[in-house]
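Labels run A, B and C following the written order; every chain starts at residue 1.
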Amino acid sequence: MSDPTRADDDTPLFPAPPMAEQERMVEAILFACADPLSAAQIAARLPHGCDVTEALGHLRSRYQGRGVNLVRVGDGYALRTAPDLGWLMQSERVETRKLSRAAIETLAIIAYHQPVTRAEIEEIRGVAVSRGTIDQLLELDWIRLGRRRMTPGRPVTFVVTPEFLDHFGLDSARDLPGLKELREAGLLDSRPAPGAIGPDEDDIDPEGANIAGQPELFED
Amino acid sequence: MNDLWDSSDDISARREAEALIIDVDGFEGPLDLLLTLSRTQKVDLRRISVLQLAEQYLGFVEQARQLRIELAADYLVMAAWLAYLKSRLLLPPDPAEDGPSGEELAAHLAFQLERLQAMREAAARLMGRDQKGRDFFARGDPTPLAVSRKTVFDVSLLDLMRAYARLRTRDEFRPYAFDRTDIYPLEAALERLSRMVPGAADWTSLQAYLPEGWRGAPARKRSAVASTFAATLELAKQGQIELRQSDTFAPLHLRRRAGQ
Amino acid sequence: MSDPTRADDDTPLFPAPPMAEQERMVEAILFACADPLSAAQIAARLPHGCDVTEALGHLRSRYQGRGVNLVRVGDGYALRTAPDLGWLMQSERVETRKLSRAAIETLAIIAYHQPVTRAEIEEIRGVAVSRGTIDQLLELDWIRLGRRRMTPGRPVTFVVTPEFLDHFGLDSARDLPGLKELREAGLLDSRPAPGAIGPDEDDIDPEGANIAGQPELFED
């Protein structure tokens, strides 16, 4: 069993640095990087034999309650300013283009129903999804193409990206607000219209699996 | 008190209905319109009267028609479908007819509305979250990962040895005759013979003209004989000497040409 | 006497936040800001009554010895990766290239004949050795200058380095196989010219002596 977060230490040439030093190193790496880094990416930069997971744990508690926090984003880690201090950073604010209602709803549908086809998005919204809406979300790097559906026409699906999680401060897609309630209420089910020939039934995974078992979301 | 509230509700409901007509372009499709209309029922979406909703929608479409507001095709498709749904809900089920019952269709519409509403709320909650670059921030001055290029030369010991071997044996491939020590060159034979011709008045064996040191070892002798013979042919051609051989493979004799 | 680093607290509308909170704020600001900020600039972002100098002092000691340090840059303050961890922010891109034939041959001659002068290399190769070839080998740290020859002009000689031995997995240059061994190993496809008196051993042995009697090869 190999742990990618742990540099192989079967036959270490040099002993790994002390944990306090490993923590410093992880701190420096995360500090220098604006994007989240996975434990494996961090490990790749550290000397052999380092225990990234443990160092991250120490670091997380060290930054607990500070002005900067260690957050988990998907399977990555990043340092971010504490959300309650956002008002101090007025001048750092990046003005994002205001999203249309269609774009916001489409984004939410993709996040909660992923992987989801365009036809399914249209079915939920009851209206056609314009190309521009999808393009805008792709451009923001909040959604990307997922696997093709194994149904006639092999339609592409959409899933959200790690950048989406980072932007909205989500640990993972499982932490989407209200996800559990929506699932329990059956509102994430794909329920074909009565009488309609439902080709969707077989190919849409039970929605729990959609998100929890969506390996492509966090792959690479 | 209640009346007062009710009447004010009526007013706001009427205002809403007017607004609906005017803002028809603002709706994101018929489902969105239905969702908006359903709010006037002021009940949980799960307990909504789909029949009432269908009537509201059909009323809206009728009003729009009176106001000569052009409605997009999908609004009219929805209107037709709701009219059909209404008839299914009102008329006793026809046993001869296949397909889903009016109740099933109504339940599905209610589900769609509830789902759309849920997604809308989810979207609002999502956008209400702390957002990067607005509420929390990444490192303002990230250090780019310095990439240093390192070139590794792919050369093995074998390459090295081959190169050396190639160099050291290069001469072995060259066809240079003068590298070979056992060759008596034609030029040398010609020069030597020319010098000796004036003294060769009598018939003398070719063997006698072989240079010192080239008469013993067979390889050297072969080379000297060949070169000297070739030289005699050349001198004979020039008319300086005469050649004689008594028989095939018999010894070859030469002498200075008479009168020279 | 007005202290620009101290928001005026003559008539504070609200009490200044506790010092721990002020420290958090300064930390978040310095983290998110791309440029160093002066104490006055930091104060301008903080609520009235904050003591930036004190908060900076606390922050500086908090980051003492960490992977990230609070440093003074000009008359500003900034968070920076600890100088001893700069190497973590480096990544090496390794490119594999072939060595030119001229370089391989020159290197081989130096290895087999060291110490050897440039003129001798040229004599063996039969062509001039370019300055670039020698420079490349020097740069690779595979050859270095040996002693000058005690002959007219006192030409420099070249010898191989321990790095060379390391790269080619040799204990010493004496371990290089001789021509006879090369031939036996099938590395020479030509047979010796007819009548040639085996030059191999003669050629190689003096070089062996060269190496044995070349103490400078492994000096330093």
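Heads up, the rule we're going with is that contacts are C-beta pairs under 8 Å (C-beta built on N, C-alpha and C of every residue); 3 or more make two chains touch, one makes a residue touch a chain.
Given the structure is predicted, the values throughout are model-derived calculations rather than measurements.
*Asks:* Would you identify the chain whose Cα-based centre sits farthest away from the centre of subunit A?
*Replies:* Between subunit A and every other chain, the largest centroid distance is to C.
*Asks:* Whose C-alpha centre lies nearest the centre of all protein C-alpha atoms?
*Replies:* Of all chains shown, the one whose C-alpha centroid lies nearest the global centroid is B.
*Asks:* Round to the nearest whole Å and give the separation of the Cα centres of subunit A and subunit B.
*Replies:* Computed from C-alpha means, the inter-chain centre distance equals 28 Å.
*Asks:* If you average the CA atoms of subunit A and of subunit C, how many Å lie between those two points?
*Replies:* Each chain's C-alpha centroid was found; their separation is 38 Å.
*Asks:* Taking each chain's centre as its mean C-alpha position, how far apart are subunit B and subunit C in Å?
*Replies:* 33
*Asks:* Give me the residue numbers in subunit C that touch at least two other chains, ranges are fine.
*Replies:* 28, 31-34, 81, 89, 91
*Asks:* For subunit B, give me the residues that contact two or more of the other chains.
*Replies:* Subunit B, residues with two or more chain partners: 137-140, 143, 145.
*Asks:* Tell me, which parts of subunit C touch subunit A in their complex?
*Replies:* Subunit C residues touching subunit A: 23-29, 31-34, 45-46, 65-68, 79, 81-82, 85, 88-89, 91.
*Asks:* Please output the residues of subunit B touching subunit C within their complex, sorted ascending.
*Replies:* Touch residues, subunit B against subunit C: 137-141, 143-173, 179-182.
*Asks:* Considering the complex alone, what residue numbers of subunit A touch subunit B?
*Replies:* Subunit A residues touching subunit B: 31-35, 78-83, 86, 89, 92-94, 96, 99, 101-102, 104-105, 107-109, 111-112, 124-128, 166-170, 176-178, 182, 185, 187, 191, 193-195.
*Asks:* Applying the document's contact rule, which stretches of subunit B touch subunit A when the two form their complex?
*Replies:* 28-32, 34, 74, 99-100, 104-105, 107-108, 111-112, 114-116, 118-123, 125-127, 129-140, 142-143, 145
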